[in-house]
Each structure stands twice: as C-alpha cells, then as structure tokens.
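What follows is one structure encoded as structure tokens, with my remarks underneath.
Order as written gives the chain letters A, B, C and D; numbering starts at 1 within each chain.
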Amino acid sequence: MQLGMVGLGRMGGNIVRRLMKDGHHAVVYDRDPQAVDALTREGATGAQGLEDLVRKLDAPRAVWVMLPAGHITETTIEALGKLLAPGDVIIDGGNTFWQDDIRRAKTLEENSISYVDVGTSGGIWGYERGYCMMIGGDKPVFDRLDPIFATLAPGIGDIPRTPGRDDRDPRVEQGYIHAGPVGAGHFVKMVHNGIEYGLMQAYAEGFDILKNANIDALPSEHRFDLDIADIAEVWRRGSVIPSWLLDLTASALARNGELDTYSGFVEDSGEGRWTINAAIEEAVPAEVLTSALYARFRSRKQHTFAEKILSAMRAGFGGHKEPQQHPDAAHQAAPEILKPKAERA
Amino acid sequence: MQLGMVGLGRMGGNIVRRLMKDGHHAVVYDRDPQAVDALTREGATGAQGLEDLVRKLDAPRAVWVMLPAGHITETTIEALGKLLAPGDVIIDGGNTFWQDDIRRAKTLEENSISYVDVGTSGGIWGYERGYCMMIGGDKPVFDRLDPIFATLAPGIGDIPRTPGRDDRDPRVEQGYIHAGPVGAGHFVKMVHNGIEYGLMQAYAEGFDILKNANIDALPSEHRFDLDIADIAEVWRRGSVIPSWLLDLTASALARNGELDTYSGFVEDSGEGRWTINAAIEEAVPAEVLTSALYARFRSRKQHTFAEKILSAMRAGFGGHKEPQQHPDAAHQAAPEILKPKAERA
Amino acid sequence: MQLGMVGLGRMGGNIVRRLMKDGHHAVVYDRDPQAVDALTREGATGAQGLEDLVRKLDAPRAVWVMLPAGHITETTIEALGKLLAPGDVIIDGGNTFWQDDIRRAKTLEENSISYVDVGTSGGIWGYERGYCMMIGGDKPVFDRLDPIFATLAPGIGDIPRTPGRDDRDPRVEQGYIHAGPVGAGHFVKMVHNGIEYGLMQAYAEGFDILKNANIDALPSEHRFDLDIADIAEVWRRGSVIPSWLLDLTASALARNGELDTYSGFVEDSGEGRWTINAAIEEAVPAEVLTSALYARFRSRKQHTFAEKILSAMRAGFGGHKEPQQHPDAAHQAAPEILKPKAERA
Amino acid sequence: MQLGMVGLGRMGGNIVRRLMKDGHHAVVYDRDPQAVDALTREGATGAQGLEDLVRKLDAPRAVWVMLPAGHITETTIEALGKLLAPGDVIIDGGNTFWQDDIRRAKTLEENSISYVDVGTSGGIWGYERGYCMMIGGDKPVFDRLDPIFATLAPGIGDIPRTPGRDDRDPRVEQGYIHAGPVGAGHFVKMVHNGIEYGLMQAYAEGFDILKNANIDALPSEHRFDLDIADIAEVWRRGSVIPSWLLDLTASALARNGELDTYSGFVEDSGEGRWTINAAIEEAVPAEVLTSALYARFRSRKQHTFAEKILSAMRAGFGGHKEPQQHPDAAHQAAPEILKPKAERA
C-alpha cells in the first residue's frame, strides 16, 4: 500500500526501504533535500514539503512521522493535522511520551483524523532484522495499516514458536502487536526500554565484577585474571543468560577487551525516566530499573554534590580528610582491616 | 573417554546420558540404588559405593561429583581424596563456593590429586541443549578432560559466530572455557548467576509495571488493559531485549497470563549472595545485582521488622495509624493528592 | 495580627491555638461546626462558611488554608479567590504539590491576590515544639506575614547555634525561611519529606539486621540475642546517629520491643514520590530516597506480580518448585551451602 | 581505677584524658614516644613498650587497645596475650570485625585472659561529649570495668529521658550498654555505622536535589535558586529530620555553601561493608544501607568498567556515539523530549 513518510534519518529511511523492497510505495519528505533525493533514486516519490507530501498521497492518507521525539515531532504533527482530511491517519513512530499521544489524538479526532502510535524497536538493524512494533490506536485503523506493519515486522524467522499460542492473534508472532488504544503502543515501548536499561546494567555490573577480580587490593590467592571477552562468548552458548544484548557485548569485547575507546559517559533518553515515573504512579517497586537509570545519571558527573556533603559530614564528626588526589582504582578496594592477615604489611 | 560420576540427580544423570550418547563410558554411583540401576540399564557401569566406583575406574581416574553444594559435596570429596591415587582428578560440577575449591585443591595437591571446578549451566535443558561450562584448574588437567567437556558443551549450533575471534581459543565458541586456575570456574559461574538474578528482576519489574497499568487508582484516561502474554511474545521478535529468559517468560505467560499458580515466594541459592560479597570486596558498585537479591529476600517475608519500625516512627511523629487490614492492591497506588482533578470525589 | 484559618484538624487547630497563645486573633472555619465551636470557646471568632470568614476579616486579609492536599484544598482556594479582594493573601499550609502552587498563584495574581505556600513540619508536636516552616512567595508578602510565622516557629530554644551565621537572615534560626518565590516552600518541604523517608529506612534496616541476628539459620556461634530497645536508647547518647526520629524509635521500642502492634503496612504521601520525580527531572541519582519509597510500596503488597514472574522463570529453566507454604522467617536465611561445616546435618 | 592504654592517637589520647579528668589512672604506651611524653606530662604513667606497660599495671590488669583495626591491633593483642596473666582483661576499643573478636577471645580464654570488645563512637568530639560505647564480653568482666565505662560515657546530660525505661538497665541511659557476649559490641557498632552511612546518604541526596533545582536543563518556571545553607539550618528547628549529622552539615554549609573545598571522594571503613555482609547472611533486604555504601565506591572512580559496557552495547544496537567530552553538569538533565514545549528551540 501507499505510505507517506516524514523524516528520513537512520530509522525513517530504512523503514521506507524495507517497505519498498516488499512492494509498497512511499511518498517521502525530509527537511534535508539530499535525503529525499537518495530515496527518490531508490524508487520513492519525493515531496518538497508537508503540503506537497499530502497532495501526492491518495485519500485516505497514511502519514508516518519518524522524527526525534519532542518539539519537531509535535510541530510536524500539528502541521499535518491542518493539511490532512477526515479519514486520514497520522502514525507517530518515534519515541513520544505516551501521554502526548493521548492529547494529540484527542485534538486530531475533532477533525476525524486518526492517530496511531508505534513504538518501534530494532535500531540500526531494523532494515535487515525487521522492526518490533508496539502499536496503539483504534483497532480498525490498526487493521487498515496491517500491510505496512506486516512488511516491517521481522516475521517468525528462525525464532522458535512459543507453545500454547494457537488461539491468539498470529500477528504477535510476526513481531507486531495491537497493544491497545492510543498511547498503549508507546507505553509498552517505554517499558521495553526501561527493561533494556535494567538488562544492560545487570550485564555491566557482572562484567565489572569480573574485571576487578584482579585488583591489587584483593588477597593474592583470591585474584583472577579473567578473559572478559571469552567469558562473554561462552555465556552465549548454553548458559541461562544469552540474549541479543550479550551478543553485542561479546562482539564489542572481541574487538577490544578493555573497551578503552569508550569514556563510560552514558546517555539516557526519555523512556527510562518515564518508566520510573509510571512505576511510581502505580506504586510498583522498581529498584532495578531505577538503579539502572541512576547509574547513567551518575556516569555523567565528575562528582555529585551529594558526595561533597558526605565528605563535609565526615570531616565534621571524624576529622576525616580526603585524599589529595584521585587514587588509582586498583588500590582502592580494601581498607587494611579487610585484608587477610597474610596480606598485611 | 571414561568418567566416574557421583550423584545421579537431574543434572548428574543427564550429563552421563549426554556423555554416553557420544560414546564415552561412565561408572556411576548415587546413594539411591534405583538411580544407579536406571543408568546401568542405559549402558553405564553401576557402582555400589565410592570405593567400588574408584575400583571400577582405570587410572588415571577422573571422577565428577555432581551433588548439591555444601556438606554432601564436601564430605564426598574428602572421602574420594582418601580413595584416589596420585594423578587422578576430582571434578566438582556443582554450585560450590569458589573459595572452597581453592581450599580443597590445596589439600588434594598434597597427594598429587588434581581438582577441577566446573560451573555448569544449562539446568534441566542441558541434555538437549548442552551445558555451558566455566572451568577452573590446571591447564594440562583441563586439556586431558577436553573430550568430556567437548561432548557436554552445546557446540556452535545455529548461534551466529562473533566476528573477530579467529585468534582465540575455539573451544569457547563450543560453550566451554578454561577460565583460570582452581576456583575461577565457580567464580565465573557465580557472576553468571548474579547477572541472571539481575536480568530476571529487570524483566519482572517491567511486566509488573505493565500489569499494574490498569489499577483503579490511576486516572481512567491513563489506564491500559494490556495483554502481558502477547507483549512478552512480541518482544521476542526484533526488539532489543530478546533472551532465553524472555522465551521462558513468554512460554509461562502463554499458559497462564495471571501466573496465579505461583505464590511469588522466590528462593535464592548461594551464588547471588557470593556475587554481592565479591562486589563489596572489590569495591564495585552493584546496585542492580544487589536489588535483585534483596527482592527475593523480601518476597519470602510477610513483613519485615524494618516496616514495623517505619510504622512506629510514623505513629510517633505524625500520629499516623495503619490500615486495619491489608488493602486491595488495586486501590493502593495513588493518594488523593496525586489524582488528577477530574478523578477526585 | 489577624488571620483567617480554614481547616481545623490536628494541624489547623493547633496552629490557631499557638497563634492565640501569643496574642494573635483568628477567624476560623471548618465544615465540622463542632471544630469551629471548640476554637470559638478558646477565643477564636467562628465563621459559618468561607463567605462569612472573609466578611469577618479586615482587609488586607490573610487566609491560611490547612486542609488535606488535593481536591479539597484546590476547590477551597478557588472559592476563596472569588471572595477575596486585591491585596489579600492566601496561604496554603498543606502538603500541596509545588507545581500546583505556581499554577494557582498565576491565576490569583490576575485579581491581585497574593499566594504563599508554607511547607509546615512538626506534625502533632507542633503546638508545643513549634512548626518548622519553609515558605515560598513574594518577599514583601512574606514580610507582612512575619508576625504569624515568628509565633508559629519554634524559636532558637536550647538548640545550639550554628557558628558563622552572623550575616545571615536571623529568622532561619527561629525555624522559618523565605525559601524563594511561590512553590519554593513546598519544594523544600517535599525534599524534607524525601529525606525523612530515607532516614527512616536507614534506621529501619539497621534495626532489622539487629533483630535478625539471632535466627536459626545463622551458625550458632555467630548469633546474638540483642535488646533492640536498649540499643536504640544507647545510640541517643554520644553516638554519631542521634536524631529526633531515633528518639521516637527508642520510645516506641521501650513500650514494646517486638512492635507487634504494628502490621508493617506503611503508607506514603505524595512528597516522597514527587521528590523522586524531581530527582529524575534533574538527573540526580537518588538511590536511597527511591529505595525508601519502594520499601513502602512493597510493604503494602502480599506479593508483587514481579515475584511471580521470577518464580515462573525459575520453573522454566531449572524446574524449581516453590515451597507450598510461607516458610517461617527464622528458617529462611541460609541455604545449606552457606552454613559453616559444623552446622550442617 | 587503673587502666593500661595502648595507642594514643586521636581516640586513645582523649580517652585517657577523659579518664584522668575523672580521677582514674592510666599507664600509657604508643610507638610514638612523643605521644607518650605528652600524656605523661598530663599525669599518666608512661611505658616504653608492652612489656613495660604490663609490668607497671597492678593485677588483675585491664589493657585497652585503641589502634587502627587490622594488622596492628591483631599483633598487639597477640603480644599482650603472651604478657598478661590469668584474670587480666584486654579491651579492644577499635573498629574490629566482630568475628575476629570471637576468634581472639577463644584463644585468650585458654590462658584465662578475658576479652572485651567496645564499639566506641564519638569521634573527635568524644573528650567533650563522651563516648557512646557498645560492649561485648562476659557480664562479670563488664561489671568490673564499669567505672571506666561510666566515666567515658556521656551521661544523661540534657537529652530527654525516654519514658518507660524504669525497669531497664540505667547504664544504657548513660550511654553505654552491655550488648551481649564477645563480638556483640562490635556487631552493634558495625550496624551503627551502617545506619550512619544510610543517614548521611539520605541527607546528601536531598541536598543534591535542592542544589540542582536551578540547572539550565529545567524549564525556567520550575527552577529555584535555593540557599542550601539556610535550608540545612531551618531543618534543625522543629522539622522531622533534625540530627547531629544535620547539625554538622549546617555548620559546614554555613562556612562554604558550595563545599568546593571537598573533592567528593568518599572513603569507607570496614563497618559499612560488614553490615551488608551481615544483612545478606541474615537474608534481610538492606537496600538503603547498601546503596549508601555503593555511592561511596562510585565516588572513588572516574568511570566504572560497567559504564563502558553500557556504552559499548549502546553503540552496538543503536549506533549511539558518546559525547567527546565531559559535558557541563548544568546542561545534562533533560533530553529535548523532556522539556516543556515553550522551552524548546
């Protein structure tokens, strides 16, 4: 079927490519004319602006917006809302906050324009692997767009089928789901990312413990000099913890076991934060997901003010003085009292 | 090659079966004679005791002990140490604390008996999938036992190979690793389990947030009635968070989306605890792995004394009284002040 | 000076009493006429409704609203906004969300009515001890209300003065502060409560560790049967951790060392949640304050869905079965493998 | 009464001074002769070594060892054990691990020498304020040493008495407690320090949230420029969270509100770690105490290996690149999507 696509970045461009490969047609727009040209050469119809894009689509239109979440997505959808006609549908495939979806859908509904939110996972690998899509919106609109989703989804592939799903919607096994009304798609995608943070942090801490198993501060008979890259690899095979994230980690470590090309400054997008806000609103204890988020916050600071407060208190009650300089990590583990007797000077 | 096996439970029995299927021969013992008989009928040589087992093995002997970690493993290895001869090797394939390995190996070394610790992952699926093995001990002993490990390991199978590993030990890709000297095998397996706890808790919290997205306490326009089983399934396909643990979860949810056959009382074995002890000794912050362990501790209590202390303090400074009975979970999320205006009475 | 008070509950009533004791005059209203009568007998002027209250106050009026945060406070302030005249001031002394303050102040400003938010701490002890007040609003309005705040504040009393404060606002030492513009009062009070949760949980966990130092699962030579009440008391004197919260704990434990009159179901008000939301918005890692909140969430559940997910996974990969019934807490600590050798069966 | 003191550092020296001020006599030794001379001039009897010290004491002797926990304490007590006679007592007033106490006491008992462990709190303020002492050992030995403890304890002073303690040991109110058998003193002191870490971190995080309430990344109408020093001060008076730790914080902030003389590198001693180990052994969830410890670990690292793992994974699945340099803290809070519409470019 025909789809309009606004935003031809890494995600939007590949979505269009995957659609065209399967026989769909796309009318595409990006504020960067080169991005439009590139896809035009690959078979898409280029548009010079939103108005042009809308004009080139047949009613009832479907326009997928694939832009960075926030201001640019908001204003683009506002503009499209004014250009589109009753019966058309806007699809937000970005990382929008689900409450924004609900608000927007209400406004668009006044002009009988539908709104569908698609939490799209798959990152830079989606063109090949397909995209896992969590979709919110009215069921009939979801059904109308089904050919698009069916093409973008990864399909069953060689992933084993889960027993006991015979009476369930078979599309879920293809990698896309009608999660519920507007907002449900991005809500589920949000929690997906919250879990992603938690999984990543679990692996990260484990590898950190392996990496530090050889520091000087440990008693010599309790030290291990472990090959982290090999351990990541062996866990991919027959252990309890294989995952795609572990595959990626094994791959990175095979290239560089020290990971010293990375500074360790870790960004977070909105979903991790919103997941915690949702947990708090629901009174669900989410220790692990929250700690994973906080580890990223902390990674971006030289020192927190909190730590200075601690130092000030320690100076206050104990006369403790801080070390003058940042000590070598290898020497910081065990105070003298923690060492076994044989290790002490 | 020939292997002695002590302990024919779920793990030990299937290890023997997988070995025999590949042409190895096993001399087996278990204190339950029926377990011995069963494997004898499948081709193993049965032994009536440790002494008999040692007698039936050709020197240099290799005896794998596959018993619950703790007292029974300890005493069995002590007894074997007295029966075996210089050049023999004892393999502890259970969940032993790595410092116990080091201690035992020192004692056995006095009689020139070798000791190898094998962290064995794969659980009840190992017979089919193979076992991921993390192995500690002297390299020559490891090499001597290689035929055993090669058979038990899952092999490459259809798991894609990690690029950049051409110069590395190819056995790692088969699913077994010589992690280092005695203790290193169980140390790596310990961290594997620590990570496992963290991964499990990350998924668990995420599903909990999804499950509670429909509680009464939330504003009605922000509630979603989500199909958890379908969401678990869709995440298996093309998302960032597929894993074997997610496969198992999707499978359990497909059978029973409420999981109401489970009480939610979650046990922990030693490895999760030892992982945290190791993190602390190394001064590695391990928030996620620790929280995952604590969630299990908490799951096994009606109430903690800590919570009573909180209640007592609240009564002290605010005159707060506790609810007389345990409130319905669905109604506990939002205090009045947190609700949007339209929702308030 | 003269003050109108709406809401004569535990807090509002005692605020009026403390004001009258110091020579101020109060016009009071509560929807419960008996509450009005009681304070009228103590010297206040009773009002029969908001209109009556406004009529009985001299312009420029100051009306303190001391109601449960949420709907009732919101509608009361709306109603007052319509009854009051330019130059009047509304004081919200409740536990309002600071962003609501900012919104309300903007609306009231259109009619030249001022708004002051007072985070009021002191609980049921405030009449005697005085109230610690964190105040947001325009400085001139704060100054106009100073006589009220000065009376309500605890004053220096016998709390030692902090050196180095000679050039600072002396009112802070009296126990009240102009924290900033509208919203700042409740923002600071919110963080106060967030800290309160963290402090409480720190003590609670510590006492829990002391309480469980004698469980059967520990090796007998490592068990201590500690007198928790005496320990709480001794820490009040010369240790690093005395505090008012510890005083309250020592008092509760002296009455009942088991605290078995408490169920351990712990509620939370909005401030703890908002504190975490603020931390997340600021990207400040707040592990301790968040864990303290989550401990309360968890205390109100029999089991989380998260825990059932864990059980389901464990059954999936390991065939682990749950215990049929809730085990006795005293026996749950150490798996067999964790026990010292001498303790094992 | 007479006491031998080994170790005349900040703690040991002031303990001797407080004892002498109250009429006790001390025989003192330190490996630094100047420390011995100083106290000799103040009235103590100086000793030139352990042997000399033992010789100068009347039997039955009591020798207090006040040295850094670990090797030096261990060897000193070993040496004393050989010099002392049946009926003598060794007091370890340092921060010894309680299991070491139990081990030592067993050895000394063979020669009928008693051992008492004293968890001593009070830091550099103890000479003036007195020391809170948590004491483990045989009751008769504790009773024999009572005059020493009674002098060192702070006494009731002006701290209000807790009601309901009439039938309890009055010494607790003086600030010292017989906590139980050998080890119980240091066990209770250990938990005291664990709580201390938690309390400190709770305040620290709260102040961090206040401090960051004015960062650029927040929407301008939600920013507050707060005076942290004044807020610390006002909370000392009538709020729920006054404590000695808050007094110290207020004092430090009054001197320097930015605390920019502190680097924020925070050390930990053994007690915080042992507290977590004890919690784990008891299966007590101790989220807050553990997070407080981990915050210190993290404060001493530029970056963790865990963070590099996260970066590597993010590059793997999303092509995310890290910022080239450490961004200014003030700009790191909110991704574009989190900002309110009006704030966006």
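Convention: contacts are C-beta pairs under 8 Å (C-beta built on N, C-alpha and C of every residue); 3 or more make two chains touch, one makes a residue touch a chain.
Per UniProt, the chains are A, B, C, D = 6-phosphogluconate dehydrogenase (Decarboxylating).
As the structure is a computational prediction, the values presented were derived from the model and not from experiment.
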| item | value |
| --- | --- |
| Required steps from subunit A to subunit C (each step between touching chains, minimum) | 1 |
| Most distant chain from subunit B by Cα centroid | C |
| For subunit C paired with subunit D, centre-to-centre distance based on mean C-alpha positions, whole Å | 28 |
| Averaged-CA centre spacing for the pair subunit D and subunit B, given as whole angstrom | 37 |
| Interchain centroid distance [CA atoms averaged], subunit B/subunit C, Å | 43 |
| Residues of subunit D touching at least two other chains | 123, 201, 203, 205, 208, 212, 240, 244-245, 251, 273, 281, 283-287, 291, 294-295, 298, 300, 304, 306, 317, 332, 338 |
| Residues of subunit A that touch subunit D when the two form their complex | 10, 68-71, 74, 95-97, 123-125, 200-201, 203-205, 207-208, 211-212, 244-245, 248-249, 251-253, 259-260, 262-270, 273, 287, 291, 295-296, 298-320, 322-323, 326-327, 329, 332, 335-339, 341, 344-345 |
| Subunit D contact footprint on subunit B (complex, rising order) | 240, 273, 276-277, 280-281, 283-287, 290-291, 293-295, 297-298, 300, 304, 306, 317 |
| Subunit A-facing residues of subunit B, complex | 99, 102, 121-123, 126, 129-134, 153-160, 162-165, 168-169, 172-177, 179-181, 183-184, 187-188, 191-199, 201-203, 205-206, 208-210, 212-213, 215, 217-218, 221-222, 224-227, 229-231, 233-247, 250-251, 254-255, 275, 278-279, 281-289, 291-292, 294-295, 332-334, 338 |
